[in-house]
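Lettered A, B, C, D and E in written order, each chain numbered from 1.
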Amino acid sequence: MTGIGALVARDLALAVRRRGEAGLTLAFFVMAAAIFPFGVGPDPLLLGSIAAGVVWVTALLASTISLDHLFRGDLEDGSLEILVLDHRPLEGVVAAKCLAHWLATGLPVVALAPLMALLLNFDMDAWWVLVLSLAIGTPALSLAGSVGASLVLGARRGGALTGLVVLPLCLPVMVFGVGAVEAALAGRPVLPHILIEAAILVAGAPLALKASAAALRIAVE
Amino acid sequence: MTGIGALVARDLALAVRRRGEAGLTLAFFVMAAAIFPFGVGPDPLLLGSIAAGVVWVTALLASTISLDHLFRGDLEDGSLEILVLDHRPLEGVVAAKCLAHWLATGLPVVALAPLMALLLNFDMDAWWVLVLSLAIGTPALSLAGSVGASLVLGARRGGALTGLVVLPLCLPVMVFGVGAVEAALAGRPVLPHILIEAAILVAGAPLALKASAAALRIAVE
Amino acid sequence: MAGDGERPHLLEAANLACERGGRLLFEGLSFSLPPGAAAVVTGENGSGKSSLLRIVAGLLPATEGRVAWRGEDCRREPGRWRREMVFLGHLDAVKPALSVRENLAFWGARDEKLLEEMGLAALAGLPAAMLSAGQRRRLALARVAARPGGCWLLDEPAAHLDETSSGRLERMIGHHLAQGGIAVVAAHTARGLGDALPIRLGPGT
Amino acid sequence: MAGDGERPHLLEAANLACERGGRLLFEGLSFSLPPGAAAVVTGENGSGKSSLLRIVAGLLPATEGRVAWRGEDCRREPGRWRREMVFLGHLDAVKPALSVRENLAFWGARDEKLLEEMGLAALAGLPAAMLSAGQRRRLALARVAARPGGCWLLDEPAAHLDETSSGRLERMIGHHLAQGGIAVVAAHTARGLGDALPIRLGPGT
Amino acid sequence: MPLRLHSLASPARFDRFARRILPWTWVLAALLIPCGLLWGLAFSPADYQQGDTVRVMYVHVPSAWMAMACYALVALLSASFLVWKHQLAGIAALAAAPVGACFTATALVTGSLWGLPTWGTWWVWDARLTSVLVLFFLYLGYIALAGSFDDRSRGLRAASILAVVGVVNLPVIKFSVDWWNTLHQPASVLRLDGPAIHASMLWPLAITAAGFAAFFAALLVVRIRSELLAWRIEALMRRRSAGAA
């Protein structure tokens, strides 16, 4: 369906214009990663053992930062009404937005993960597992995020409410993402965790899209 | 000057309205903290050692998550023009906004720090250092954030600025903040770090206010 | 002209009622439009003009009644309805970061002569953030003009427009009606839509 | 009436010029208003009405020329000017999260009878997010009405207003002028401001 | 559940249903809970390792079960509200959520009380514990979201969507103990291969659980009624104020 393709292209064009999120995400990501080693101290073993967790948690938090203006701009300039009334399914629009959000927040994290793993002297034999788990997980985070963002859109408050709504939704994915890395470090089979993670993504995506779409319809009433 | 007082009161009223009750914020923080154990595992020792980092990163998250609509809302609904034309100095308005932002995002962290430290079984002899470093540091985060937020409004395309601006402003604060805690845990003198942190705040505040005000004037031209 | 039997009616609204914020704005409101016909919705502030348009568009669930397009219930068969319907609310749906031309492309309207008709040709390359209020409204209208022939729902389309552009708007609607399209226009004066079916809404607040 | 010697002129604009986006909107524009006088700025879309108002207000630096209030340059002595000046742009400066009453309080206007005058009394408790376009504009006007007697700069104040409310607007301006205030109003028609000093701006786009 | 609701869709019908069922639920709760607790706390054997602390179980476990069951119910009701547009289903979910939150809180508190003697600490970031905490936040998020819209019905719809999506966490909570090697013990009652604890403990546990369920049902019915009233009252007030306009 070329219709959806057009939607995606369109939102990407817009996303490219607003590189702010990517910048903010990266900044946050770097800072968070820079702060943790302090607490843990120089002990490389200790650092390495938490590296995966740190990277994952920062990824999760980073993706929630720019959620509040995932749809708000469209709501306030009136585009959302038009998008809701588009004859193409609203889910497509949401998917496009999620993709844009992922490119702005998820992709940078995936790209930076090896570097951070290196800095936190993470066992580099397992770095590809970390990257893989992030590559599968971050899109799921964006999807979960879009649900939260669209739900609070019509609400009186954003900020904390968004976080409170989104973080629980993100949990399962992160659990298995980290699980995969730990398995790799412990020499246990990685595949099961990765598969479950992928399953969550595949099964969750349609649900998340439907939910966001429904929430957006409520927001424009 | 009562004028500024009125501004603060006004912005607070709005902040309370938009960010929701303290309870919501509280839940958000504990939730954010609860994410970490999933990442780095339950080991109490480990958690204890990164507790300071966790609390600080949560603080950073909280202050950045609601940064975007620190001024954007005012710009888009036209309030910013009116505020710029107020006979009271625009720096006052910015200060009020920062204060409101801090009360909504920074203060809760400071207040919750002991609880979170306890939960993450942080060495409780040093808890007051943690609180102190946060009490000095979080206002600096809000100020730095306001500079970033206001700059983005002016620069139509260069949204990427935010990250670049916020990062160098926030990192030193956090480094010395966490540094203080580390010193306390290692039994080294805490004062130097705290003093440097305070110095950054005191020296930075007027600068940040002036900068934000200037950026806002450009934004409404 | 509305209501004459021989031509099939494209848009039919049957005893619509709308309650908002506990106030009943209107009820038992019915009208229908044959090809080439327009309706102009007038009424005081808060009388429910925008609400009516949003109900017809399908953005707002009606408290009562139904809207049909080509005989099919719009709620049950939204696909075809949305393909042929264009909605313009109070907001312009303009992206400040994009240029005028890019904004039109964003809504799938790539035809350069739209810019001509709306007098935007000289501004085509300008970022929409630099447009004046009326210019922005014209950009919003250009998006509508890109899809003539179906059903237009326009909420105060002439807001912020000067004489010249109001003329452009009238021509644009005329051309649309001439192609067998229909239009429901909310406005404070019926001028420029002389022979349109008048829909007067009750007291406002 | 503008330009008569005996009364001191409150607002004086001397050969203003404005260039925006590389286009020269106007130059050598001078006017001055004595107490109780109004000026109405007309012109096509993009002719520079809003720009002029923003220059006078001090939001936008003029390419050339100066604006004086009570003989003092507004740029050099902003304090007094801003204390006596009220600006209303295209945007309403309304906070959707706050109720109508709270919105007024937000701008320091706590007087209940403002709500009466603008016909907002019945809506006072409603969150502004629930207001219709015209109701929101009236709320914005109520903010202005709260500070009569100084200098009002109103950009298309009648946008989205119905007949009744346009009447309210006229009364409100009349009352303001009667108190010795002055007003510069940008509009597409001079109606309701019959004896105002007309300022016609050049071609637009 | 949806079918059941179908017959109760109208508030009037529900009221009749409520009047019929309410006494029974109260009586059941009033009988089962004391009897189960008494048996459990006084007459059941002490654990061979844990001694008498094991008795916390008789409050802890049932409330933990209710916490999860109640969320499942909220999700179910919300789903049927979204699909079949039964206002009542949505309102019922809204009424059930705070009760579920309380059960979750009880599980957390009793759990940490239990943890102090057995694990030597009242809180560990063990997967089970944390995931229950998350469940608690899920409840909070649902309640907060429903409450933060200017228009009640819009808030209800939004919150219902959240409730349905949030179901993804239930398996994480239920199976966390099996996925991670945690301090918390794995299921020994609700297992595919029959319960693995002694009948002398199982019975009081089962009875208390049943009592909790009855108690929950009673509370739910009461709260639904009051919620319905609240909605009607608000509608009337709105009309009143609008009428004045």
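Convention: a residue touches a chain if its C-beta (ideal position, glycine included) is under 8 Å from a C-beta of that chain, and two chains touch if they have at least 3 such contacts.
This structure is a prediction, so every number in the text was calculated from the model and none was measured.
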item: Pair of chains whose C-beta contact count is the highest in the structure; value: A-B
item: Label of the chain whose CA centroid is most distant from the centroid of chain C; value: E
item: Between chain D and chain C, distance of the C-alpha-averaged centres to the nearest whole Å; value: 30
item: Chain B-chain D separation of Cα centroids, rounded to whole Å; value: 38
item: Between chain C and chain B, distance of the C-alpha-averaged centres to the nearest whole Å; value: 45
item: Chain A-chain D separation of Cα centroids, rounded to whole Å; value: 46
item: Where chain C touches two or more other chains, by residue; value: 21, 90, 96-97, 205
item: Chain E, residues touching no fewer than two other chains; value: 127, 134, 137, 140-141, 144, 148, 150, 241, 245
item: Per-residue overlap in chain B, given as positions that touch at least 2 other chains; value: 17-18, 20, 24, 27, 31, 36, 38, 76, 157
item: Of chain B, residues touching chain A in the complex; value: 17-20, 24-25, 27-28, 31-32, 35-36, 38-41, 46, 49-54, 56-57, 60-62, 64-69, 72, 76, 104-105, 148, 152, 157, 159-164, 166-167, 170-171, 174-175, 178-179, 181-182
item: Complex contacts: residues of chain B adjacent to chain D; value: 6, 10, 13-14, 17-18, 76-79, 81-82, 84-87, 220-221
item: Touch list for chain C against partner chain A, complex; value: 57-61, 78-80, 82-83, 85, 87, 89-98, 102, 106-108
item: In the complex, chain E residues that touch chain D; value: 150, 241, 244-245
item: Contact footprint of chain A on chain E as seen in their complex; value: 82, 127, 131, 134, 137-138, 140-141, 144-145, 148-150, 154-155, 157-158, 161-162, 164-166, 168-169, 171-172, 179
